[in-house]
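Got a structure for you, written out below as structure tokens; questions coming shortly.
First chain written, first letter: the chains are A, B, C, D and E, and each begins at residue 1.
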Amino acid sequence: MDYTAFIRPEYVLMLLFAGALITYFAGKYSSMARYSLSLLFSGLALLMVALLYGKNTLSVWTPSITPNGISMYVGTNPLTWFFAIILASLSFLTIMYSIPIMKGKRMENWFYTLTLLLMGSMLGVVFSSDLLSFFIFWEMMTLSSYLLVTLAGKRSDKAALNYMILSTMGAYSMLTGITMLYVHFGTTEFSLLSAQIPGTPVNFLWLSLGLVAVGFLVKSAALPFYVWAAPAYSEAPDGFTPLFSGALSKLGAYGLFLFMYVIVGMSALIGMGSFRGVSSFGYAIALLGSITAFIATLYAIREDDIKRLLAYSSVSQVGYILMGLGIGTSLSVAGSLYHALNHALFKTVLFMGAGAIIQLTGTRKMSEMGGLATRMPITFLTMLISIFSLAAIPMTSGFGSKWLIYEAAINKGFVFIAPLAFVASVGSFLYSFRLLQAVFLGQLPDGLKDAKDPSLLVTIPMIALTSITVLFAIVPGVPLGAIASAESYMGIQPIQVDSLFYFRIGNSFGAYNALVVMTILLFAMLVAMIMFAFAGSKSKKVDQHDTYLSGEIYEHHSDLGLHYAANFYRPIERMFEPYLRLRLERTYDAFGRGYELLSEGIRRVYSGDVQTYVYYVIGFLGMLIILAGWWW
Amino acid sequence: MIYYMAAAFLIAIGIYALMLKKNMIKMVIGLSLMDSGVNLLLISLGYINGGTAPILLNGVKPQEVVDPLPQALVLTNVVIGVSVTALALSVIIRVYKHYKTLNSDKVRDMKW
Amino acid sequence: MVNIDPTLMIGIPLFMGFLIPSVAIVWKNSPRYLAGFTILFNLIASTLLLIRSLNAPVISVLGGWQPPYGIVFVAGPLGSMLALLISSMTMLTWFYLPPHIKEGNETKFYMLFILLMAGATGMVLTGDLFNLFVFTEITSIASFSLLAYSRGKDEKEAVEATIKYMIIGSLSSAFFLIGIALLYGATGTLNMADLASKIPSANHNLVMMALAMIITGLGIEAEMFPLNGWTPDAYTGATHPVSVMFASVVVKAGFFALIRVVFLIFGAATEALQILMIFGLLTLFVGESSALRQTDLKRMLAYSSIGQMGLLLVAFSLNNQTALVGGLYAMLNHAIAKGLLFMAAGSFIFALGTRDISALNGMGKRMPVTSALFTIGAFSIMGLPFFGGFISKIVIIAGSMQAGTEGMLVAILILSASLIELVYFLRVVHRIWMREPEDDSRLKEAPFTQMFPMIVLAAFVFLMGIYPQAFFKVLIPAAQELLRGLGTMIGGA
Amino acid sequence: MILTIAVAILILMMMVFAVYSVETKDLLYAVVGTMAVSLIVSILFYVLQAPDVAMAEAAIGAGISTAVFVIAIKKTERYEHD
Amino acid sequence: MIKKSIALILIAILFVAIFFTLANDLPFGDNRTTTGVSDKYIYHGVNDTGASNLVTAIVVNYRGFDTLGEVTVLFVAATGVGAVLYNMGRPAGKKRKKTEASLIVRTGSRILFPMMLLFGAYIFVHGHLTPGGGFQGGAVIATAFLFKYVSDTRYHIDHNKFTATESVVGMTFALVGIMGLLLTGYFLFNFLPNGSPGELLSAGIIPIIYVAIGIKVGAELTGILDNMMEVEQ
């Protein structure tokens, strides 16, 4: 008897929302109850999501909220399952990770409730299969993530408000697009909608899809809207950042997948105008993605604050996902989905590690850290592998996905996107190495003598995620199987996966057998280790600090920025310096201040003097009379 | 015809007082002038050439009677006018108690 | 089902109004109970009326003379729903009253209180144009006196607000009366249904001039942009329960009168609708932007309710059924949520002593229950999911989309205005919960009798968010009634 | 015919009174001007065959509202100075 | 200066608009009632309501609710003035003003006061026959009391008695309306016989209502005047 028959997506959602409420009230009494309950609920939800594999369910939830009775649908399919499993697992692991990190912090009880609520609304966004419930869960997700960011206290006020304003603006433009679709087609259910799409006029499609895409581009921090991303990711409480940048940023991509391929469908997309075999709408998104990747890398290189560096890096990695998504061939969509999975894995580990390090050293400045490799071996090892995957060193899963995206771009001969992506990936190597060198290598500053690995609750999630990354690196076929079924659901020709043994990854013009290459690589690593062990005695300890103070006595604690990691890539920065000055933040701030000034002026209309109000009334009447006389 | 002129003039002079005179009591005077103007307008609407007062006593025939409905409306409006004026003036007395001035320019604490 | 005649909802409060002063001589605190009894009567009467009026409008003829000759009360689903809203809000404010009206003459306050309710109910139910004028007068004079009622600390502002409101209010009644005079001259009748049938054939020039006059006159009551100079001062100067009555009763009745006159009598003439649309958008933006810069809590709420009235104006001027239902839903939600916000703000100011927003730091810890209620009201106005505002926003946007391409522009403007609204409400809510108070001494919350209305309102806000179907059952026939026009309701001449 | 001339003169006087009462600095004279205007309006009502309203306007318009104005001026200031 | 010119332009627009729409669209004095409702009042007014004064017939019977609203307006205004000027009054017994009224005014007021009351009563009792009615009669009574106030510096009305009469009379008006509803299902219905027109006791409930209104208006206007006069200097 199939036990999993009774599991349906809406039970997962109800479980999580009820769990959030229970955890809040239980948490008021004992913190133990709070931790165990939140772990229990998120673990249960993760289990239920996992058991939903391969199910195509669609269930109606009747309490409709609009006058002509639109009912709300919740269902699962391969694409949603792929994203749901990422979101669920990340949430579960982040909750486990955040227990030691968030202990004793401000409003801790609210943290777990809001995380469960966020998990519920994220899964709600993914599971909903009609426009209205999609929008409702989207708004709930924005609200709960805003509240979570504000938990970090006074520092995060400005970042949280900017984040809320921009994402609400995106949500409202999405609402306009959704209402256009609903009013034009009369229905909100995705399958009914996509059935009616083929015949519709093209410019209507462009307008509504464009408006909806704005909402998703804001969430995935694409070019014009990436302003909120770095401050929001870095100012959020350390317990929340892995979930925020690891899982939440994927929802923008999911939305685009949903609307471009599931609702509008590939044929109608091409019908909207194509550019060298790729839909021009998709090409625009790909372009935006690659430019974001490039610019975000530039910012990441200059960052000295560990969390802001990782924040900019996740903005640029999401740019890759958008690029793959935009191109729209079977290879690029597979690459983008695979990269979404990998990015979720390694970015979460990096942020967890960063959280642990910040809790340990008390500072976020990389120039004040160093040499932690010896003291924190497990964190070092897990972050090392994730950094390799981030930098797309060959044979890591990160490499696999980026390689697929590049193949697709080159195959289509995009002379502008592909080189931009290459330079960006070089940049990603640079800042990941900076992270590695500044935090782990070099000598241990005297203040950090007693550094040791964080508690078990932190290391287990990191180890789990890194082992999955390594597993996918060796056996790429497993994730690609899920991706292939998602692609076929989206109506795109799925990527071939060797059913026999899951090691080959590739397509018509090139493939590599991951297992063979991995063994060679391990063997090479072994040789290098041996050589290093023998020659180790000759290696000289290099001091972390430059000492060109021409004779001055130099005490370590002075912050002259002499630490190697302080301005690691100064030469490169100098190259881009002039262009980086025109940052986009300035335009947003200018707009904000401009509107404040404007409303200051508008406020002056109410001058407080009765006579001016009488003038307004009589003037209004005079205007009406002139209109009445001449126009009516 | 000249009644319309008188009514329109009264309304105009009422608004003139309201807009250009700073003194609050002058404004209330303007309001009450405007009220009389509106009443005059209503009554002159109801007038019929050669009609008599709408009281059907001692042989007055219904055909030659002026339209009574506007007169009923004006009756109501006169009383409304006086009650609003009385309330406005008592509020002005209290304003004077606090602000010590009747000049509407000075009574502007709540602005923007 | 005992059918209570709608006119009793005016007769009984008036009878009680006359009774209270004489009983007060004998028995000191009788006014509060007599007033409470009257409001309860009105509440029950309006609920029964609403149930009866769902299938067919309840028509009650005054003095036995058939419609065009006598005055008639028309209680359609729309009118009786608003009567229910007015009486329920008055009932809830009645609970909230005691601490705020200590200084002045309580007997006279309660008389004015029930007469304000009677005036507003009359405005909403009457089917005769001049009768609407008389009831508008009753409502505005009652609100003048209630506004000037406040003694104690901010007596100075209350008095200043009253004189401004009175001068503009009497200007509005003068123009409204000129409009009625012109309409009477053109058509010779005063009954709304009769007017609706006669206006198309009447002299076009006269009708347009009358329309201009009436839009100005009633626009002042409905807080349209250039005409609402008095509104911020009136809300800020009034005592807290009076500003609750303003936000949810007085302005709603004024707005409804404008809508009824434009829709029913002028048959939604396109010119009138365009004027309403343009000035609705202006009110929306002026209201929202000036709220952005406020440092005084009640004044911020005042500007936000101006903005919301602008939203209603725009929703109604879109003139299709979905937008109308959305507008009505937004009207309900605004009355309830804004009433809740004013009550909560009143409790804050009563406890803190100052109306300054910066003094609200960390109120979440000092007055948790009131802050939670304030946040619920704020979330509903902001339009977050599972609150009333969300549904009204969606339905209005859907309605505006149906109005073609220019509807699209209206939708975008509405959404950007609600974005501004989100900003200033978030700033206050954020300050309440996330900031640390200077002295975190626990402030005394309002006793249960005053907390009860706020809890009821918060429950209603949630109900409107989660199960709106119950409200749509009333709102859809109400919107149809407005669209169809009054003409066919009662056989005119 | 004589009636229309008389009415014209009356209306002219009314206009003069109205302008005077708005322009004068001394509020008491302004109130007296308003009383005169309302009396003339009451006579016009009489000419327009509306006796009820004429009496009402005379009794209330001229009587009570003037009294209220005088009381108000007594409680505040007599001269308008800007 | 510009404010003044804007004001003048706007006032000119308003004057021209009102005057010309009236002048050419509503010719003065021509008989427009044939299309409207008022010819029913004119032709059937007398035998419908029994009152020969058509204006009173409309004010009390046909559009009785307007008058009910009207009385409410006055009542609200009186209460409003009371609420606004609450506890601003001078202590009891203190003289209102220094200068005593002259001898002629004092004796004149003692003689004229009852006359004026009688005249006011005459007006509202004969409301349905001769021009005038509740409002005008009440105003005359109020002027009578005003005359008393002017002449006698220490005289002021007894508040309790006035409030009592006011509420009793107001309640009779409301009760008449409610009885109309109970008896015949129409609020303010004229349930008493019309009697023969021209008689004093004709026209059903109209005289009762007009007497009630007369006393009420008189009491209220005097209340307003008293409140305002009692304000501390």
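FYI, a contact is a pair of C-beta atoms (placed from the backbone, for glycine too) under 8 Å apart; a residue touches a chain by one contact, two chains touch by 3 or more.
Given the structure is predicted, the values throughout are model-derived calculations rather than measurements.
Common neighbours of chain A and chain D, listed by label, are B, E. Placing every chain at the mean of its C-alpha atoms, the farthest one from chain D is found to be A. Chain centres here are C-alpha means, and the one lying farthest from chain B is A.
Distance from each chain's C-alpha mean to the overall C-alpha mean is smallest for C. By number of C-beta pairs in contact, A-C leads when A-C and A-E are compared. The distance from the centre of chain A to the centre of chain B, each centre being the mean of the chain's C-alpha atoms, comes to 69 Å.
If each chain is reduced to the centroid of its CA atoms, chain D and chain E end up 19 Å from each other.
A separation of 31 Å divides the Cα centre of chain C from that of chain E. Chain geometry summary: the mean Cα position of chain B and that of chain C are 28 Å apart. Counting only residues that touch two or more partner chains, chain A has 603, 606, 608, 610, 614-615, 618-619, 621, 625, 628. Annotation for chain D: residues 50-53, 56, 60, 64, 68, 71-72, 75 touch two or more other chains.
Along chain C, residues 130, 134, 137, 141, 144-145, 148, 162-163, 167, 171, 178, 184-185, 190, 209, 232-233, 290, 293 each make contact with two or more other chains. Touching chain pairs in this entry, ordered by label, are A-B, A-C, A-E, B-C, B-D, B-E, C-E, D-E. Looking at the complex, you find that chain B touches chain E at residues 1, 3-5, 7-9, 11-12, 15-16, 19-20, 41, 44-49, 53-57, 62, 65, 67-69, 71-73, 75-76, 78-80, 82-84, 86-87, 89-91, 93-94, 97. Every residue of chain B that touches chain D in the complex is listed here, in rising order: 2-3, 5-6, 9-10, 13, 16-17, 21-23, 25-26, 28-30, 32-33, 36, 39-40, 43-44, 46-47, 51-55, 66, 71, 74-75, 78-79, 81-82, 85-86, 89-90, 92-93, 96, 102-103, 105.
Interface residues of chain D, counted against chain B in their complex, comprise 4, 7-8, 11, 14-15, 18-19, 21-22, 27, 30-31, 34, 37-38, 41, 44-45, 48-53, 56-57, 60-61, 64-65, 68-69, 71-73, 75-77, 80, 82. The residues of chain A lying in touch with chain C in their complex are 63-69, 132, 136, 139-140, 143, 150, 153-154, 157, 160-161, 164-165, 168-169, 172-173, 175-176, 179-180, 182-183, 595-596, 598-600, 602-603, 605-606, 608, 610, 612-614, 616-617, 619-621, 624-625, 627-628, 631-632. On the side of chain E, the complex with chain D involves touching residues 53, 55-56, 123, 131-133, 135-136, 139-140, 142-143, 146, 221, 224-225, 228-229, 231, 233.
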